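Below, subunit A partners subunit B and then partners subunit C, in two separate complexes.
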Partner chain A sequence: MSAAVPQTDPASHAELVTLSIDGVEVRVPKGTLLVEAAKTIHTDIPVYCYHEKLGPAGLCRICLVEIDGMPKLQIACNTVVADGMKVHTRNPRVDDGRRAILEFFLLNHPLDCPICDKGGECDLQDYAMAWGSGSSRMIDPKTSKPKAVDLGPTIVLDEERCIVCQRCVRFDQIITREESLRTEDRAVQTIIATATGKPYVSDFTGNVTELCPVGALTSKTYRFRSRPWDNHRTTTSCTQCSVGCRMHVDERGNTVLRTMSVPEDDALSDSWLCDRGRYNVGFVNDERRLTMPLLKQDGAWVQIDWADALDLWAEKIKAALAAGGPERIGAIGGGRLLNEEALLAAHLHRALGVENLDHRIGTQTLVHHGSFANHVDLENANTIITLGRPPSQLAPVLDLRIRKAVSRNGARLISAGDYAADSFVPETHVTTPAGLKDAIGANPGRVAMIWDGVFFEGGPELTAAMHDLPAATRVDRYVLPETPNGRGAEALGMIPRGAGLGTGAMFAAARDGKLDVLSILGANPVLRYPDRALAEDGLRATPFVVVTDLFLTETAEFANLVLPVCSAFEKSGTTTDLAGDVLPVVGSVRPPDGVLADGDLLVELAERLGVTLPMPDELEAKVRELVKTPPADGAVPAYVRATAAAPGGALRVIADAAIFTGGGTLAFDTAIRELHARPHARINPATARALALADGDPVNVAGDNGTTLYDLVVRVDERVAEGAVALLDGVVRAPLNALGRAPAVRLEKVPVTA
Partner chain B sequence: MSTTLITPVLTKGIGELNLREIAVYREQGGYEQLRRAVVELSPKDVADICNGSNLRGRGGAGFPTGRKWSFLPKDAKTRYMVCNCDEAEPGTFKDHMLLEETPHQIIEGILIGAYAIGCDHAYIYIRGEFKRGYEIMRDAVQQARDAGFLGENIFGSGKKLEFTIHRGAGAYICGEETGLLNSLEGKRGEPRLKPPFPAIKGLYGEPTVVNNVETLAYLPYIMRNGPEWFAKVGPERSPGYKVVSISGHVVKPGNYEVPLGTTIRQLIYDCAGGLRPGRTFMGVQPGGGSSACLFEEHLDVSYDFDSVTKAGSMLGSGAMVVFDDTTDFVKAAYTLIRFFSHESCGQCTPCREGGHWIQKTLERILAGGGVDSDVDVIKSAAHQLTGLNLCALGDSIEPFLASVITRYEDQFRAYIKRTPAPAVGAAS
Partner chain C sequence: MRKNLFNVGALVRGMSTTFSYMFKKKPTVEYPSVKKQHAPRFHGLHELRRYADGKERCIGCELCAIACPANAITVIGAENSPEDRRSPGERFAARYEIDELRCIFCGLCEEACPTDAIVLTPRFEMADYRRGAFVYAKDRLLVPPEAGVGTPPDERPNGIPADLGGVFRAKDTVDIAEGYDATHRGHILKTQRRGLTLRQAKGDDGRPGEIE
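The block that comes next holds the complex of A and B.
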């Protein structure tokens, strides 16, 4: 089946066509499909296989209509409107046709609606009510098939319920282009399957459960857990990454049960969600959530009450100000907070004269180096260049726009430097300035550049070709923030100004005894800061460290005071996406008793310190104004990613990203344990040969600082440069940053014991 | 038996000459018309000759060949000619014979057609089961290549005509032209949603013509004898010759090449030797498994595309299956329904579900578990699945079943009443 891509580009629709649908005159752009034209007059034409983002497939045959002058009933999904066309969507003949199709669908469809997850939101159920017969004319037993086929780590298939509309297969072909789902066998045995023996693994699997018009595809996290009429729905923005997909949250009994995409969200999510955004909700109700402030006394945690905790924090700040001044105070974080909270954090500290502020845990430059090009602009680019870690792992749903640009407009994808874009589309990977120049060519058309925002050795030389683009070239720049609200935190002031220190400098200063109080707001630098030893030393040497978090994270373990805070499902406000749009965050559940939002803490702290914060009603306007204003000065962190060869036969390290890594919300979500990224060591085939390693071998990674990471799995991948090894960043049990800032490592094959 | 009806054109020499040898074929004038087309004529001249002959497709639909070619966009750079040799219609075995006996005539026809549509790469899709035919075609293509009739610079004209043989893997649906194209591209053999039609977006997304073996094989003869020679044979709108595969309850089953317009009676009795002694005629499928059964009152119907359609059936691929009074029509219908149900690609609902429903019901009737309502349910199910499908396979389920259930309902009722099978001479 060829990929039919729906066309919704308004530019091609200048010309209007007039037709009549059920006697109502309709004027729609030329080229519109009948099924879409009917929507303009709120006429419901039933569909199963058709989907506006997938286009027509013509398989289910339920969208039958009668068109004057055509002898047979026609399918509305693949009929393009024509001037003067007279269409009937409801008459006895059409109804007979739909009844016939419904009868065929229901012949072998099980009557397990009472226990089916889709019950109550099922298109088959709905249309069966409209056109189905009360009883079946087939007196033979229904065909029985497997009811719970494990398609992969996230999805279960009920073969009996499947009506073979192939939306899932087409999603996997047209939208993700990963092509791991397909139909197998034929005739009445036709069934959805994966390539033999392979699990359905993708970062977008959850979407097929929503596309499935029946209860055939269900997610392991939601299966048999609730019915739609018992759920309470809130609409918010996903805060797992900087794409900010609009998202429904279904809650029941103060438990977040599932998140769903918002079909109308063309601007951000294009109506898809990635699996991190969809499935990583179990942490909200995890029993390891902190619910009381914890104070470390003699190396042990003691619960204290909020008033004491806040008093202590304020006292320590006051004491530091009195003893050494604001230079002895610092705050890290903000990229995981709401805009309003980041603003309060920055405002509070600046009011005290504190300039040691940074939301960046890794090493990023300013996100404002990105332009204000929006998500949709990306799919209209002709040449897309990725620089740094792949967007598919940093902003997964944005990556679907790259795939769309390639599918629809034949855009070219070029990745430059250490990383391949890994986008399931043809890609040119270049590592030299000349290579990039060649790949861009003389006629790049509209250019989009997506960068992870980390400087690297040789970067300016490599990307010199960007300066030689033809003068009139439109270049949209996207810098992917390392945290979901990095762009907001930066704009709202969580970056050092003047003599202020950034994250790394703060740790160094702390290590040297120059900091008295360090407040870490929703950040986990011990796992994510590129030099773990420096972060740990800095924290150890700081007399008073406060950490706000949901869990006792790697960083919180180093704190003197840990304050339990709300997740993004438990508070409301706004967040900023990578393109600089301010998006609403709406809480859907109550926080556990005793837990406050970071914003609440900051207000309490300000009161104790005598600082006046902006009033809540001023916040939104202030946020919107600041987000549109680039920061005054550069404040570029000193960090530059190493690309030089490691000495003496050792391997240099490339830091890989994966969406299912991290220490907080992911590590404390046991429901999706199977999705946690398994740490790997990706090496070039030549490196593998030289080290006598094969794909799948277990290895230990010995760093030149004496640290060893244990039990990683070798992945042989020709896209990795020779003499390098790519290791996953942010894995709790094998933390890359423990190896140090620019490690040279050796791989040691783990001996297999008998 | 009168042999005057039989007019061998494509079948000439079969059984007498080894036409698999290029030298033998050339002695009969073979490849001369390809040379003439490529060296002396323009593609448009060749297409005009085809148009003038009123040649209609011999694969089943009977669509005028010249018109099919004319749908290709004029400005297309790449075009493909695909010869459909996936002959799998129950009762049809003409292409099978032509493939094994006269491969060069097919190659020449394909190349003439390819030249006429401005294509420089032609394909033949051979049914997977035709292993011997494939081997013969493979050898013939090598001979033609060695002789310089295909490949680069054919006949020294500087023109290129490539030729690729592709074997199917055994699915009826791959005879449907878009299912065939998918299969040829290495995809699942499933018909494509139309529009776009292959003439606009076919093989590898390029404009493509898919023609049947027999259709293309007539081209050298139309070129040699002139379009009028073909056009004036038989009915004006359905002219020319046709290889008819006759099987079933006849004395001499086989392929008979006759002018269209010959009657069904002549085909059964004069060509195929009539029924076996003492048997009574009960019906005939005039156009393969997909066609409705015709009965005694239709014996004098002219065997051409339009007349057979007018009589309530279709000429299809030209496969006559004759039934005498030993026929158990319940079993006959079941056999065909099981075939169509099994061969459904499973993509679209009515064909996938409806065919299986009817199959299961007939199985139960045959096993002695029929109920009175079954007859009406089968008829109704077959009727309501017709006309709603993505391709023609689903629409092939009803015609034979409906025609025999209407005519011989008593045979179905007898099974349901659990009386002994009423086959031999039981029909009244």
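The block that comes next holds the complex of A and C.
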């Protein structure tokens, strides 16, 4: 071999080995599996049980290849390359082997392809076309197994179609670590079942339908609705949370049918999607979508023309400017808009001198304080500290990285404060600064801190302890914005500067009659602002409130003018993820007739107000520049909130988060009603004993402001501190913010009537 | 000029051919009072079959739709509910439409169908003044429940229909000698016509409804 040929892989510095596959010389790092080596020369070896992200299992044996010098055919998925190996992936002997394996698979397979959702994109169909014999030699009746088994709220299982590759089982073991699926029984009777016998519940269930190489696992929301050849595919970024997973959107007849993960997306989603991103698409075609501007006249909604609506909006702004100046105008929102729209909103208002701008509803801090560390960096951290609500509920796919870092890369997970990280991996939960210091230890290695942006109980001491690290420590900070594009909205100017007011201050000013026009752009503060009464009072006292939304949400009910707008599936632009990267959003369906995007509205409004906005071709560069600018002050916020000790007998409230909460896209998606989070009250076992409550009991929660939330379910959980109760935030039926800020509550058991 | 006169013979010969036909049997048929026998494999208007127990054969698989070279077929599947089972198995066609104006009557849909649900009958009279009337939906394609043939698959082990793949046998039920009237749907139409009941129903909106 000539000296010019490198002996090590430049990326991993692993030693290289040379082998030949079908006569082609291949050089790959030592330790590479044969299937992966074959991919480098675009030779596809068929696989069922092997998956890049799950590793080999050696169960299905479809990947047979011939290796010179080995007496029998070998499985390519679990054979490591060796120097000088000569591999044949297609020859009569290999084909014979695969034919025999396929015959076994098809012995009891129902062959109901015509009614199978996987038909058209099924590996069994494809390989049967390549190696199947066309007819079966079996004369006995096939084994019958249950079909259409309801596995849980999202998944249906067809036991007959399962080829027991165990990808689903291994996904739940290796990736989510939840271990909820397993195989039962043996040989031809083997079936997939949940480990507990209870429904298959997880926040990542949809992934198993994609992993399943056959049509055994299907999604309830997609069952029988289409065929792969009917669907038009667009690739976009998920806009349900700030992770921004890349995803495919399959559309048919202007209806969004399903979303699929993008296997190549190693940087963000690691090829997974959470169930919120995957299943919360039904709202796009919901019949309750608004299609005409609505004006409130004498307490009733009247449909008006777009031109009139925009004229009215512009007029009110002009009048406010003339009467009291820009301080009497405010705008809230932007975190659910595209970057470009957020930029236009901020630009438009600043051009008028308006400084009362804020994208933050439930949090008070600057998401900008996150560093630009990406998701792969998180995977390589040695110590991960979570502060605040668990990332699994705020940025679910990011949490899979935490699980990966801990379970496979040996990182330590520490959760500090009121919340446990709930990541299905070992974690240390600390509440005191000393405990945190102990947990971090002397040699934390690379540290990643994940914070949900809400000031948490525990005082500055905990924060100080967290930042008291050896000097050379690399610290990556991840601040999870409350909205999908919170980081973008903030970087692009939707935050108050100078004397400008934030969301809470705007509501207070409005209540005192100091605001004339309040524009709420794609936000729902009535459900999400921590003090619902203040938000409602503020909105009621403002003479003119404009709300842009898809639906008549809780906030829109308080508006004078509601403008219907496009969903993220109906417009194109960019969004910013929590790591500060600009991601493309590509529209896949047409909006309903008469519906405009927020950006279009802002352009129209600007024209009426005589403001010049940046041109579309300048927007992208501007967005990229602003998003990548680190915050001017550079300081790390103090993560502090004053702790109000609850008076005797009452419980302190901790705000819980769950994936399936919210008032807009979720509340108006009837297809996944079963997934909507049931409001709960999580309490410590000691608290439960003291109150004589048991897990599953229905309770009412009475706040100290006279508001009661009805019919919550008790969950006993030792991770909640004694004397506290964790209540779900953002549930339409039992809104936590109705209890007011920092409330103290009492739990009342609902009497069960016979 | 003179020479041309000799051609009278040719003229006579020609005309004699013409006149000879005056005494032969006429090939023209008095359509529509008389109807001609079709070729055995004539492809006409489609119909959607049922099983003998009245269940729809169509399982909404869309194989006909993808086989169709003219893109004439639209199928949207849905899941059977235990209370209202339309077809054997889990899936049925919630919507099934053929645009007969696009159709080239090639019969590929019939060949693609795994359950012999879609069959081309020899019926060809589809003329209408309205374009929309050529989009045939299930209400006009599906045969009446009493016209089903064959055993539905879910009464058999593993759900494999007895006559799966027997497209030709299914077509045998079309009596060629009787022409288009012999198909199940045609039979119904014939009975209706005999009593002059071919009526144009009025839809709720006052526009002409489907012809029954």
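We adopt the following convention: the second predicted complex is superposed on the first by the 722 of 754 C-alpha atoms of A that agree within 3 Å, B and C clash if a C-alpha of one lies under 4 Å from a C-alpha of the other, contacts with A are read in each partner's own complex, and residues count from 1 in each chain.
The rule is short, and it goes like this: a contact is a pair of C-beta atoms (placed from the backbone, for glycine too) under 8 Å apart; a residue touches a chain by one contact, two chains touch by 3 or more.
As the structure is a computational prediction, the values presented were derived from the model and not from experiment.
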Query: Touching A:107, do we find subunit B (first), subunit C (second), both, or neither?
result: first
Field: Larger contact residue set on subunit A - subunit B or subunit C
entry: B
Message: Contacts for A:227 in the overlay, against subunit B (first) and subunit C (second): which applies, first, second, both or neither?
response: second
Task: May I ask you to decide whether A:144 touches subunit B, subunit C, both, or neither, giving the answer as first, second, both or neither?
output: second
Query: Once the shared chain is lined up, is A:83 touching subunit B (first), subunit C (second), both, or neither of them?
result: neither
Query: Can you list the residues of subunit A that touch subunit B in one structure and subunit C in the other?
result: none
- prompt: Once bound in the complex, which stretches of subunit A touch subunit C?
  reply: 110, 112, 114-115, 119, 141-142, 144, 147-148, 223-227, 229-230
Field: For the subunit C and subunit A complex, residues of the former touching the latter
entry: 59-63, 65-66, 76-79, 89-91, 114-115, 157-159
Field: Contact footprint of subunit A on subunit B as seen in their complex
entry: 171, 173, 182, 187-188, 190, 192-193, 195, 201, 205, 341-350, 352-357, 360-361, 364, 371, 373, 377, 380-381, 384-385, 387-390
- prompt: Which part of subunit A faces subunit B closely enough to touch in the complex?
  reply: 1-2, 4, 56-62, 64, 72-73, 78, 96-97, 100-101, 103-105, 107-108, 137-140, 143, 163-164, 166, 182-183, 185-190
